[in-house]
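Quick heads-up: structures coming right below.
Look for chain A in each of the two complexes below; its partner is chain B in the first and chain C in the second.
Right, the complex of A and B next:
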């Protein structure tokens, strides 16, 4: 099969892909001028991530001086591609800044103040690649930070680190987008370096054939590469007809080999690897000259420029510097679109500070005459009349008009059925639409929505799995626990029923445990009763009378209660309850005293009670101080307790007085009756 | 400095729907001129009436629907519909025929279904069929070619006939249609149908002067004019070639089979091609993208189906011509045909939709 493909190619016969368009090429603006070397810009803005994948770890800090070619980030993962200092200078800042992205996204960028010396770091030049092992070459490619320079920016070292049995290595020099001539000029000027790069790829991949595809509108590039490859049998320069989007990976594979890349698969699955010519050049620079990817050819074009041309731009060069170099015509007079990439698939950038990155091949500044639709502020969209011109030009053979309806209706199931995911965003459908419907824009929105939905679904699915796993685990644990308990219970029962020495032992153990618990309780009670004793004993010494003893006992009991209450207070802090309680207690005391109707005794009792009350307040204070360590945390509590104790004492005093009065009046009555 | 943001692609080939509509209208010119040459001013007057009605109706409905009037009124779609209705009508039909037909086409068939791009049926053909079913008498007032008409049908005479039913001299439409021998003349298709119904052979029938020297006097040139216009549209890529070509082939095959089987009772293939509304239907009505199939395979199927239906209606249906009915039936089946003729997407296996 491979042979028949080569036969066809040598005869100059190619397959065709469905659809395609022929927009005005406008390549003459820049194709006849050599690539210009620019002066160094004052500042470079280097985004950490310039490719598909993730950003590397920062290796530099603000204020650090870096040399040309010095790595600024470190790759710790195959999907990470490092970035390098494009020239020597000082890192002035590392912050979020607007990057080359359709959304005008901000991303972490390194700001490099150029010192103008352009001093290189130490380089390891290696002219004989035969000395290097494949592994070493791939390492060099990875360290040089090379990512696909045709547009997608896929890390190159992954693409070249493939399995054997590669039928075709296709070098893409089609450059089908209108206006862009960066690859064209590179092929004209650096054909030998490109071929050297291709040889390195040949060593790595060892393909059966190498096909260099160039559209027939680049005769000079074709000639240059044909001359550079005459001695190599394996390499075929394929001159393919000019049609947009020939340069699309899938389309070019179809043109050259007649094969289609199965949906959802990569060309490598069909034994095909494709590399851009600029990537080949960068590989040669990296492997032979140890020059990391720090510059690229950028076509700065459009009729709004006085001097459209191709330039060697350092990565990180802000757009406004490039536009100055190409003499832009009064850009301020109105909303001027500046497009990064070609007119078909490029995106308009939001700021003049957007830097050139590894994938930027063109800066297009069209005039209103040449591209009026780029200036239109409102969409001129009218209803679709199903003319079907879009499906006639679709290279993926989709039905753009039906996709459009489903996209507007957010019918994701239908979009999937219509294979929206196979849309390559080439823009051919929107280009021909007579109703001026921005079809690609609708698809982009729909694709983003579907992606978001998928992520949500994935998340939900994961959460569901997690939840179910947890439920299962809990269920298992519960069963296990029940099982364990059951077993233990059964063992206990069995042991008890056996009436063996162990069983009685177990029984006695239970009894002993119960006894222990009881003993503990008793000792606790004792301890509680013991605490107030020393205080309560004092008044008994001064009282000789039985009654006074009784009252003293009562007072003691009161004191105890108070003490307890105080303890309660300290816990609950409810002064209301306490005060009422103490009153109740005072009331309780009164009736017990009434039967002891003796003047003197009553007086004595009253005096004792007073003394008790005084003592009580004192003891309350002392107990407070005793317990202070516990209450240290909150002094307020202590003071409030103090007050309460005083109040209680006052109340007790008042009660005692009342009783005294009652007692005297009672005595008087008694006397009268006598 | 902020730049103007737009979505890609930033370039456009500058085609516009109104331009497309205008191009189609220009392409009808050869046929319309032939019609004027052979049948007089009648159709031109009807075209004018229909266009005026269409603009008024479109304006009214668009303002009721609060649509951008300047944007949509002159997009050419309503005018094209009116033009096609005017071409289809019998030249001497009364004025309200074209007014009612256009009103129905624009207000009900087009706008009530959602306007341009949303109508399931071709407005011109639906309007025509409504007229044909509702006013069969007026819709059969086909006038023979001017060379066969005794009355001088100049512009004034035609205008007064359309407006009042009588010429300036007082001849009624019936009298205009009556030949010198006292027979009412009909279209060639109608004549053939009536005659074969009476047991006459085709050879005997075509001796009738309405057939002329070739297939159908006047009609053949009108059809040739529309064929020319249609080829121009195909060359301009304004219409897809699949539909008209498959339609004509289908009609050719059907008529060829029956003609070879029984030449006595069947008209020739070229008679089918160059009489009635064959070419108009093939290049100007079946190719209406809104109501047709969108995939190439679907377009071919629609064309083949329409050819078969036209033939069946012409030979065994109740009406002499069947283009309008055939097209409406195809409009109905187009979405289904589209559903089953989706092209295979790049990278997918056949049948893997």
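Right, the complex of A and C next:
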């Protein structure tokens, strides 16, 4: 089968994939100029995460001087690729900064102040790769921080570490998206280095054949690679017809081999590995020259630029530096959109400080004539007219219009049935849509929602397991406790029944107590029976009692009245000055406590005060609603930054509240009695 | 004689089928009501108890027994809709009396946060947490395991020093949602 594929390829025949479009290429803007070496920018902003996966652990601190090529993060698991210092300089800051992501959200970035010396760390150059074992090569690739440079950014060392028999290694130089010429120029200028990189991959994967796929709109690149590979039988340069999106992984596999990678499968299952040409170049740099991935070719293009061209950009170069170098026109005049990536799959960047990362292949600055839709705030979307053009061009053979309806209705089950996960976000459907529906947007939103829902489901499942485990544990603890109590009771009983002196003593004591209780009951009964006539004179002592009780009650009532008056006065005062009072008291308390009470004690005191305050505020609220705002005020005071003052304030607050509560409770009592 | 025969035949048939049914009921016994499991799978598993039941499973059981379907505040309308579909009943609006705190007011998920300098190590919140997402010991500072917290709000009330608050999870590129601010994909020739 492999032979028949090769035979077909040598005859220049290829398969075709479904759909696809032919947008205006616009590659002439940059394809005829050499890649420009730029001066060093003043500052680089290096995001810790520039690929699919997780960010590595920081190896450097603020103020540290780093050399060119020095690792800045450490890889702790296979999905982490490290980042390196693109030039020598001092790390001025490590903070959140806006990154190359459509959300415009911030992520942790290292700010590197360039010193201009461009001094390398020690390099371990190795020209003869035959000396290295496969394991060593893969380690070098991993240490160099290489992630797929075609756009997705999958860690390369995982992709080249696959074991099964590989029929085809496909080198993707199709570069089908309009405007972008970065790979084209790299192939023209660095064909030998790319072929050296391919040889390293050949050693690692040992495929039956190596296919280099280039679209037929890049004659110079085709010629350069054909010249570089003439002596190697295994490598075939395949000139494929120009069509968007030929460069998609599954599409290119279908064009070259006629095999369709089914939904949910990876190319490796079909014995195929695909690498981008820029990745091959980076592998060669890393393995032979010990240069980690610190720069890449970026196409800076668009008709708003005077000098659109390809540049060698250090990773971390802010976009505005690149735009300056390519002399952007009238960027001040109006909101000039800047698109990272191509016109089909790229996204508008939210800030000009966004840095170049491992996956950025293009910066597009269109003029208003060129791309009017980029300048419009509102979408011109109208209703779907069911023309079906979108399903004609979909390279994944999906049903875009049905997907769109389900995505708008958030019908995730239906989206799954329609295989939304096979959508490659190519944007062909949106390009041909006569109703100007931004179809890909709807799919992207739906994909993000589905991903979030999956995460939530996972979390719910985990919570359920933990809840069940906790219930089981509590149940066990309860049973254990009951058993313990039972045992203890049994032990007590046994001890009682023993004939030791203590046991008998205890027994007699119990017996004595019982006897006393009985005696008391008996005397009570007697007293009741002794009362001769319920309507007659009460016993003298009880009469006296009543008299004294009455007089005491009168005295209490008087006292209360007095207190009430006081309380009313106080309340009116307190409600006015309570906050200032507590502050004053806080001042009073703070200095006396400072020297004597150590930190821990103070903390405990504060906590107690807070607890009390909470309790008080609750009861106070129920008894007197007027107090509520005052509580809030003093609580706010308590949350001030100064710890000591906070403690003191809490104590004071508690005191103040206690007083207030007393006062109000007196008032309430009096009202009740009146 | 005929009558006797008929009784004998019918009686033996009844006995055979009775034995068969009895055997089937033992052999193919369904342990739990499967509808409860299905309902439980629809609930958000925050175990918050806002529905008045001590956890999601008990509420699922209650719904299966005829309890109102609109008591799950964290699940919101989506969950009510799904339960209505499953139970074959009308969709009802969320019963507001079962919404405690401000869980339902914000779309962003929230998790509990312990203000650590104020914590006195009373372990009350640990006892309240339905998913064991709080670590700490008596007189030691406590803290929340963010990844395990379901945002159920149950630990906030028991804290005697008010050092637990519900905070929104920050938006990162991992949980960010696309919005429709335009990305140009269309160009004119």
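In the analysis below, the second predicted complex is superposed on the first by the 463 of 674 C-alpha atoms of A that agree within 3 Å, B and C clash if a C-alpha of one lies under 4 Å from a C-alpha of the other, contacts with A are read in each partner's own complex, and residues count from 1 in each chain.
By our rule, a contact is a pair of C-beta atoms (placed from the backbone, for glycine too) under 8 Å apart; a residue touches a chain by one contact, two chains touch by 3 or more.
The structure presented is a predicted model; accordingly, all values stated were derived computationally and were not measured.
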Chain B versus chain C as contact partner of A:604, first or second or both or neither: second
Touched partner set for A:34, first chain B, second chain C, both or neither: neither
Contacts of A:460 with chain B and chain C, given as first, second, both or neither: second
Chain B versus chain C as contact partner of A:388, first or second or both or neither: first
First (chain B), second (chain C), both or neither touched by A:219: neither
First (chain B), second (chain C), both or neither touched by A:449: second
First (chain B), second (chain C), both or neither touched by A:430: both
Which of chain B and chain C A:398 touches, first, second, both or neither: first
Which superposed partner A:78 touches (first chain B, second chain C, both, neither): neither
Chain A residues touched by each partner, larger count belonging to chain B or chain C: B
Chain B/chain C common contact set on chain A: 23-24, 337, 339, 343-344, 346-348, 366, 371, 373-374, 376, 427, 430-431, 433, 436, 438, 440-441, 444
Residues of chain B touching chain A in the complex: 1-13, 15-17, 19-20, 71-72, 75, 77, 115-118, 240, 289-290, 292, 294-296, 338, 342-348, 353
Contact footprint of chain A on chain C as seen in their complex: 40, 44-47, 55-56, 117-118, 120, 130-133, 148, 150, 160-162, 171-173, 175-180, 182-189
Complex interface listing, chain A residues touching chain B: 17-18, 21, 23-24, 104, 178, 250, 254, 260-265, 320, 331-332, 335-339, 341, 343-352, 364, 366, 371, 373-376, 382-389, 391-392, 395-399, 401-402, 417-419, 422, 425, 427-428, 430-436, 438, 440-441, 444
Contact footprint of chain C on chain A as seen in their complex: 23-24, 99, 101-103, 105, 107, 337, 339, 343-344, 346-348, 366, 370-374, 376-379, 427, 430-431, 433, 436, 438, 440-441, 444-445, 448-449, 452, 455-456, 459-464, 466-467, 469-471, 603-604, 607, 610-611, 614, 643
